[in-house]
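Heads up: the structure comes next, in structure tokens.
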């Protein structure tokens, strides 16, 4: 019962495609506030391609699937998002080679490995106002819930952590990505990467029947 | 008494300098309506230079003086106005070589020769909406008055002819100069060259104590 | 007015000073006549080729002076013909026993100034002649005006005449080349925005946010029509049609295609136009054997472009390939 | 949006197609990876030099491919780093026994993409290394950001490395040249207007009618300060001061000066800036032995300019003088 199947992961990816494509312009607008406005398009280009190649993506095991997704992202996504999301999927893929079912604990480890990869790739730390500021607390929650094995509770906690990260980082000055180039001007605008993570998790909640009401206004808007 | 002295010509030139410099921007604005807006500056550049070099301009005879003025114009005035005004002064100079006094008849001939020169240079005909549309009727009036020898009457007639030309040509389409390149769009705007001639003659009237009230609104404005 | 200028009245002498400073071994600059001549001066064994016109079209005119191109050139104020004396002094500074060919873009002010200057030079015993360039198909010739305008096709006339002159061809021969190029080159332009001459301080014409001027002149003269802006491919097709039908060019012709930026359009957009023009030329059966994409004849910072087609033959191809060195350069 | 575009999403592939069509003998274009490589391909006896970055800076990157410059380059969307695969495929297409030097302008997106691509290439046995260019003095380095930006000085790194590689120098030697150029080159820019990426359709930043952004980045990043527009001489003096004091340059130095247009500024205005920069350099005792005035690294149609000073020595002068042939050309 605490196992996560290949089909669960597939559904999560498909839900993510929908989230990202629905918010293509909204995420771009958010990036435009302090960054260069390409985040929405960059991400949508990648997930649109994932949808397009869906039937050819290997479903033999979770690792093969995630590896292919990582390759699609590397091929089609430019800007900082290409290397960041490509690295994340790649790291997650490496831990799930040959597996078609994983435990909640495995999921937490995959995310931990993705976080490490993204940090090595882009040098960002907690508090630099990047999507790591959402991923790191999400990882903590998943790890905490792993022993109990309650998938719904874990998802709810994770979504809440990311949701909170949007509001908690709003005042920060960005130190990475294009938004870092405007210095102080990036304070008081939400980071689009954090909003994207929170929105994706919120959509996963809905999809899995986990009841949760989003709190950060941008997530409310993106899930509406 | 009907003789025109070297000093008279000198005064007329100096008055013209004042007319042109006072109207630098206004003539430019008029050229901007259908042309390229450089007429006021081009003309002012030339007459400003005439003022500047005034003391070095030979005063030995009218011809030498006008030749030097023609040379100053050729050196400093660009656009169509350089060749047109330069040619006009050159032709007038050639008829007055060695003379320090001329008759009204000579003045009419000088203008006639200037008109011929300008026509040969730029190919414009009466009705093409250029300053020739002022100069040609002015020449007729001068010729008609030459026999009588009344300088004041001749000047008054000349100023009236140029003044009328402004209004009479307003509706025409320009066939020469930059204004000709806008075709129909040049109709219903006054030609700046015609306005300049009329304004100069009106200022000469004032300077010579000839009473006359300008009629064309642009001339009223330029002499105000 | 968003420009790098000091005193707007000194804009032309200041930029000419900059060009001269940047090319000390190539050019000499005479501020009095706004004139730039090859440092090496004229060569009595070779025809000199000169030109001059209003400023604002750079690299046209003074930036085209140098071995393989012009012998000398002078500038007027922005968009105004040079003073007669500038033209005269330029001919004099370039006087050569082999003769002087004056290439004049066909505008009334320029023609009158160079007419006078050439007459003066000839009267002094200089063997000088004029040739008028008029490649713009936008405006129809007319008895009442000075005729078609000279625009970006000017580059090819200068390049071929400069190469022929430097190869030692006679004045008659160089003039014949000018005529051959002019007879075989056609251009039409389109403006998306206006431009601001520094001394004027305001745009030379107004244009709506969604409008373009098809057939615009290089001083902002109105063209064939004002219309709503279209896609790059549609605009290119319209320019191509107008240019190609004019001579007309024929299937099998060897041609050069030039996509010239009017000053404010990025080179990438010019390549989008080039791609379509190339395709249309191939469809029409032309062999595109040379191409020129970039700025050759501009209108200050105007956003816009012109399309030029030149029919080639072995002689012109050789002249185009000859080396040339001017202030317009990359390396 | 006053631009020559068709489908804005296809803008980059369309202009790359145009560049390839216009240079059939020089370049090969691979649409799948938005990649352009020398037609002749890599030479195993020579180091390959590659680069790639966001579009909108042309002629930088793909228009710098050709003998004497880059071996290959790839483009991202306008102002966005290329996809990792594009970078990887470009390294692969340029793989040479003598090695591959990847010149990366120092932006986080570009660095991450080329880091991954270089790691992948090295894992496959390709002898590839990266070098980061960061000549912009406007923004101070900081522990928290990726550091100074690479801007127009990039041209000199590409030119010198390209010449050294084609002269047969080793990967270590070519990398040492990159370092020497980067250590001796400094740039600062100023923007008078914003610009509009085709796919965005709106300006990347807002700026008042009488304002300029001093120290602007080539993607419109804010610089040192926003202030009222000044005279060309005052602006030049400010740029000069910032650039000259940074290394600092010293009296007696032999230098190259570059005045680079950001896309929408006419070349004449760049020469007004050059005249002042040249005067200031002479006053400071530098010997100005090379100059580059024109567009080398742009931001679409942005009106603005940057000033670059490069300290030279006999080695760099020779490398700058070596012939090169790219899609950016006049004749």
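Order of writing sets the labels: A, B, C and D. Residues in every chain begin at 1.
We take it that a residue touches a chain if its C-beta (ideal position, glycine included) is under 8 Å from a C-beta of that chain, and two chains touch if they have at least 3 such contacts.
All of these numbers come straight from a predicted model, not from anything done at the bench.
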Geometric centre distance via CA averages, chain C-chain B, whole Å: 33
Centre distance in Å when chain A and chain B are each reduced to the mean of their C-alpha atoms: 79
CA centroid of chain A to CA centroid of chain C, Å: 56
Touching two or more other chains - residues of chain C: none
Chain contact graph, described as a line, ring, star, complete graph or other shape: line
Chain pairs that touch, as defined at the top of this document: A-D, B-C, C-D
In the complex, chain B residues that touch chain C: 32, 36-38, 41-42, 71, 74-80, 82-84, 86-87, 121-123, 128, 175-178, 180-183, 185
Complex interface listing, chain C residues touching chain D: 2-6, 11, 14-19, 21-22, 55-56, 58-59, 63, 159, 192-193, 209, 212, 229, 231-233, 235-236, 263-275, 278, 291, 293-295, 298, 300-301, 303, 305, 320, 323-324, 326, 328-331
List of chain C residues in touch with chain B within their complex: 54, 76-77, 79-86, 88, 108-109, 112-113, 115-116, 139, 144-146, 149, 197, 199-200, 204, 217, 219-222
